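Order as written gives the chain letters A, B, C, D and E; numbering starts at 1 within each chain.
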Amino acid sequence: QETIKIGVTQPLTGAFAASGNYVAQGARIAEDEINAAGGVLGKKIQLVIEDSKSNPTEAVATVEKLIVRDKVPAIMGAWSSTLTLAVMPKLQEYKVPMVVETSSSGKITTSGNPYIFRISPTSEMEAVAFKPLVPKLAIKKADFLNTNNDFGIGSAAEYSKMLKAQGVAIGVMETMDPKATDFSAQLTRIKASGGDTLFVTTAVEQLTLILKQAKELQLNTRIVSTGGSNSPDQLITQAGEAANGSFHTVFFPPWFPEVVTNPEPAKRYMDEWKKRGHEPGGLTEGFRGYDGIHVIVEAIKIAGKAEPAAIKDALWKTKIKGIYGNIEFVKQGPAGSESGQNAPSIYLVKIDGGKVVKSGL
Amino acid sequence: MSRAVTLAWVAFLFTLPLWMTDLYILHVLIVAGIFIIAAMSLNLLLGYTGQLSLGHVAFFGIGAYVSSLVSLGFEIHVFDVPISLAPKPVWFSMILAVIFAGLCGYMIGKISFKVRGAYFVIVSVSFAEVTRLVALNWIELTQGPMALNNIPFLKLWLPGIGDIDVLGKVPNYYLVLVVAVVTYVIIRRLVNSRAGRAMIALRENEPLATSVGIDVTRFLVLATVVSASLAGLAGAVYAHYVRIVDPDVFLFIYTVTMVIMVVTGGKGTLAGPIVGGLIFGLLPEVVRSFEVKPEIQWVVYGVLMILVVYFLPEGIVPALRDAWRRVRARSGAPPADPAAVAAGATPAEARP
Amino acid sequence: MSIRFGGLTAVEDMTFEVREGEVLSLIGPNGAGKTSAFNAITGYITPSSGTITYRGTPLAGLKSDRIAGHGVVRTFQKTSVFNGLPVLDNVLIGLHRRARQHPLAIMLGLPGVRRDEARLRDLAWEILDLVALRPRANEVAAALSYGELRLLEVAIALAAEPTLLLLDEPVSGMNPAETGAFMSLIARIRASGITILLVEHDMKMVMGVSDRVVCLNQGKIIADGPPAAIQQDPQVIRAYLGERYVRARG
Amino acid sequence: MLVVEGLVCRYGKVEAVRDLSMRVARGELVTLIGANGAGKTTSLKAISGLLTPAAGKITFDGEDITRASARRVLELGIAHCPEGRRVFPFMTVRENLEMGCFLRRDAAAIADDMDRLFARFPILAERRDQTAGTLSGGEQQMLAISRALMSRPKLVLFDEPSLGLAPNLVERTFEIIEGIRRDGVTVVMVEQNAFAALELSDRSYVLEQGRVTLTGTGRELLENPHVRAAYLGA
Amino acid sequence: MDQLLQHALNALILGGTYALLGIGLTLIFGIMRVVNFTHGELYAFGAYMMYMWVMLIGANFVVSIALAMALGVLLGAGIEILLLRRLRGADIDTTMLVMIGAWIAMQNTEQLVWTGVAKSIDSPFPPAPLVMGGVSVSWTRLFVFVVAVALIAATWLLIQKTRLGKAMRATFQDRESAALMGVRIDRVHTATFAIGSGLAAAAGALLGPVFVVYPTIGDLASLKAFAIVILGGLGSIPGATIGGFILAFMEELGAGYVSSGYRDAMGFLLIIVILLVKPTGLFARKERIG
């Protein structure tokens, strides 16, 4: 029986391996769920998942392979902003649409690539959502520590812009290589700067280390992680006591599923995740893949055929009740070649006493 | 005879895109070809001068970055003084890339005059690491880990054909093939000359080489400059083919790949890097078709490498050549080397 | 000239002259500083003080390859050839100085380069004839017997067009018969107008081929004169030759 | 004491020693002479356990050492002073000598032996803390001989001990070897300096292409016309 | 001022493990002349063993370090016997290639066994750091430093003072002569490689709990170890020790006062500069020619 192939490019190895694998696991759940319900257009779907090795050039190679060799009509990817930005020209070259499930950099949807449909929030959306919390947390002086890639730089830029507008002083803005493991030099400088809040933007592995090392250096500022790839559960198990008192933005709070817009798919997804024995810490990432595949399949259904151009047009009409909220795309970027952007919900949680709690703000 | 074989091969490769329509296979061949060019250039250092350079990828990466940056244009601030460059045509940026890589080679050549052996290994690794870290951290210029994206493709004007966009598989395939042939010819001429012999002499016995008047620095520098320029050219071709470069082009594993190609093929032989490059350029694709986990593919790759070294320590090409000699000797044909006949070589048993 | 290694003085205020066209032997006990003197003359070490002049050009401080460029070429005490290469290629490398090929011309494949290569090959065969290694031309050097290796060493040095050839213990390890053959080679080299500076412990060889002998001890020259006189010199006998040698000579 | 029968040694396909037999009695000084490449070094290596012979049998004091390790051979009392000096270049003279008695544990006796050797070779005493690689050729040779003696062997194999030595030292070396023999140590020596070697030796073997072609007392061989022509240059 | 002191303290602590890493490599690289690309993998192996014992089996922390090191010694011995023994006498490039092959195979095996997801190891020391005036250091790091220094001293004594050490040095200067002195060559080779590997594994076991463990941690460790060895001069244990500390100081101060992005570049730049000024490294020995 013929199948409809859907391409997925994710970092399954390398610096972002953990998150990339979670997204892929979420996508598999969606695949099985859809096929169990009879597939789409009478055919089963088949995910072709390629590993971008956390590297932009490899990411381009995976997209090239997915399109040229596997002839997929639509792709989901590519986790980090840098990887997504890297593959975007290929989408334009081969005219294949891609649903972006994680990346946050503003550039992705404003650079005039009409093949991009993003379901995750931008850094700017996040920063705006954070704005009311600034007076509540009484932030006076903020420091930044972020990876030196699109994700980290974009987030730091948006947050610092927002904070400055709120009259908050900006201390030091430190960066780190996505593969670094020792941050003592940066943290020593941050300590010397004397801010009350440290905004950290990176993947969960580095975040764990930063929390631990901050503790070792007696850095007593409040730590807020942004970007939503912070997996608080994993932080609790791996950073232990050092995680207490830190704040984290997330886009899906599995600890209190009752607050999300569409509890139904959230519950289905969480049950299946647990059933498959996946890492509970991955729940906050896996849902992105789950939603992404559902969006593409819905678009195929609307298009009535599995062809890139039709799917691209159909994505504009796609509306689903996802875990990200009610997903639909609005136009962003230069007129005539807009990209699609969804407006998902954003949550701030706190780790307290080894548990994730609502931030209470 | 060997010349005829070479020409036949080249002719075969030139006609390949006419019947090979699977673009993906062309893609694999292009990438393998680019690596073969880099490996051939490495062979000049590794195989002929005996300088174990483990930083060769630096020249490749520098070529890629320089060509990309010049063709994309940039604006940077050095101590708050803005420096900017408008985008230049790709043929021009590629020439600059070759020159710049050659200059870096000149620098490294001067250093390698001072340190040898294991020390040079580390200096070359360090050089590559430093270039990688600069590419990673000089974000204003290189975009750091965000990669240089949307690199323009090469536009050429050829007499009789007119303008060509080197975009897509077939034109890039021919570009790589032409560059590879040119590289091969340059290296062959070099090694069969006084310059090549001087390099070999340095490899074999340096004090003796200097005692007969060979200027070590000069020939090491010559070898590194030529080698670096060719690697830079390969890098530039690569950049305008994949149209994205990120600091990972400087990763050590790529140098390793080149070294493996050279050594398994047979270092210090002209055909070695080509044979090795074809094997280790295509092997990952072959292993990939077995639908196993990528880790297992790599484990197999590593084990194969060890086996090649065990069973063909000199490399594949010398091993084949010896086997060929043996076959000819058994079939009673005259010795393969005409010079030996001319010299009236006596069989070993008959010597006084 | 003086040479010091740290606190140790290997060669102290040594002065001697090699005359055009002669064979001068440098003898002396082990560790007297003969090889060190060679190393200094050919630029492998820099003398701590003093001057070395060859046909009016100061050599001290020059790099080895430049010194070779002035026609001063040496062999090494430990057998030293290009082991992995055929004998012919060994000599071709030696011919480096006589080649006329610009790197650019090589890469462009100009016809001049090809002509030059042919000329070099002819020269190489000539030199192999001189040392009688023609039959072994296509063997790798590593396959040669010890005596042949020492001949090849000389061939490589000769290829570099020396006007002054320095030989460091060329016949050590050879038996008397092989030494005899080597002596006649020296005669041939000398006949072609090359000056020779020889270090050797084989007295039969030294006495047989030298015009003049200089004897060193602990870095200083203790005697200088024709072979016959040196053999009689009591200082030389005490420091170097030993009683048995004198007894053997009668 | 040492008996070699039908020894065959190969390097790959090259037969370096083919069917070599010889015997050495206790207290004897036996020399091997032969052209370059005749297989002398190879034979010594086979005896001392550096090479495993392809065929043949070697016994020492009745014990079969054909396939014994170098360590075992040394333990039985055979020391080998190798061709080409082979001192440890980055160790000092003293450390080299200490390596010579690696298997011995009698510190006091070792110190005595070392003093005695230093008295014999004053230049080594002078250079005792210099690294061996920087010694002159002759100095290295003296060091190598001394090192071989440090194990208090019953039998020493010398491979061209006079190579590269000044005439007076050649003389001294031969005196030392005679002295060693007088102390009751058996000596097997390979030499190019055939005159001196034959004069010194009790018996001698002439090797040609891996075989013994002639044997006799030193005197006999000195007068043999073939030996005179081929090895004495007379 | 506090900031400078804190940087210096960080560097000192880091330098201890760098030195350990360097010594392990200098034994193998400097003495055996094997460019040991598996060094980083042995480091990773040590770290994963630590993870296994502490986190999966629940063994005592200190015992786990000893176990990880012992397993590193065994693995090293295995590699030597299996891969290097038959390459005795081969040139440096040949052994290097085999080691590269082994490196690729080992790293991917690790990836297969442990997956790419980073693991972290709990340490039994209190999370609150030791505070001295304005500077602080975590107990775990302090412990790591002390153990590292002890291992360095032990290795130095082993090489200089024991018969095994002397045999090792002799073997790698002239294998045949060493055999003639009664040294068991094969054992010395295996022992050297095993000890070097054990030290790498120890470094991994010590640093695993400080950082996180993932399959490619060995790569940077390898590069740094090479850098340290070259800084100090091949085969020199004091050189490697001092090289380790120099590298740590350069990195920490470079990151603190120049730019954290160029942290790793500092060390490599330093190497290039040092080798240009003193091509043989800081502590080197010479051979004579002629």
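The rule is short, and it goes like this: a residue touches a chain if its C-beta (ideal position, glycine included) is under 8 Å from a C-beta of that chain, and two chains touch if they have at least 3 such contacts.
Just so it is clear, the model here is predicted, and its values are computed rather than measured.
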{"item": "Intersection of contact partners for chain A and chain B", "value": "E"}
{"item": "Of A-E and B-E, whichever chain pair has more C-beta contact pairs", "value": "B-E"}
{"item": "Farthest chain (mean CA position) relative to chain D", "value": "A"}
{"item": "Chain whose Cα centroid lies at the greatest distance from that of chain E", "value": "C"}
{"item": "Separation of mean Cα positions, chain E and chain D [Å, integer]", "value": "42"}
{"item": "Interchain centroid distance [CA atoms averaged], chain A/chain C, Å", "value": "75"}
{"item": "Geometric centre distance via CA averages, chain D-chain C, whole Å", "value": "30"}
{"item": "Touching two or more other chains - residue numbers and ranges from chain D", "value": "134"}
{"item": "Multi-partner residues of chain C (at least 2 other chains)", "value": "35, 44, 76-77"}
{"item": "Chain B residues counted as touching two or more neighbouring chains", "value": "136-137, 207, 294"}
{"item": "Residues of chain D defined as touching chain E within the complex", "value": "48-50, 69-71, 74-75, 79-80, 82, 86-91, 95, 98-100, 102-103, 131, 133-134, 147, 151"}
{"item": "Chain B - residues contacting chain C, complex", "value": "185-186, 189-190, 192-195, 197-198, 200-201, 204-205, 207-216, 222, 226, 337, 339-340, 343-346, 348, 351"}
{"item": "Touching residues on chain C, where the partner in the complex is chain B", "value": "42-44, 63-66, 68-69, 73-76, 80-85, 88-89, 92-94, 96-97, 99, 101, 103, 106-107, 109, 113, 116-117, 120, 134-139, 143, 156-157, 159-160"}
{"item": "Chain A residues within the chain E interface of the complex", "value": "12-14, 17-18, 21, 148, 174-177, 179-182, 184-186, 188-189, 191-192, 205, 208-209, 212, 215-218, 238-242, 279"}
{"item": "Parts of chain B lying in touch with chain E, wherever the complex brings them together", "value": "46, 52, 111, 114-115, 117-119, 121-123, 125-127, 129-130, 133-134, 136-137, 207, 252, 256, 259-260, 263-264, 267, 293-296, 298-299, 301-306, 309-310, 313"}
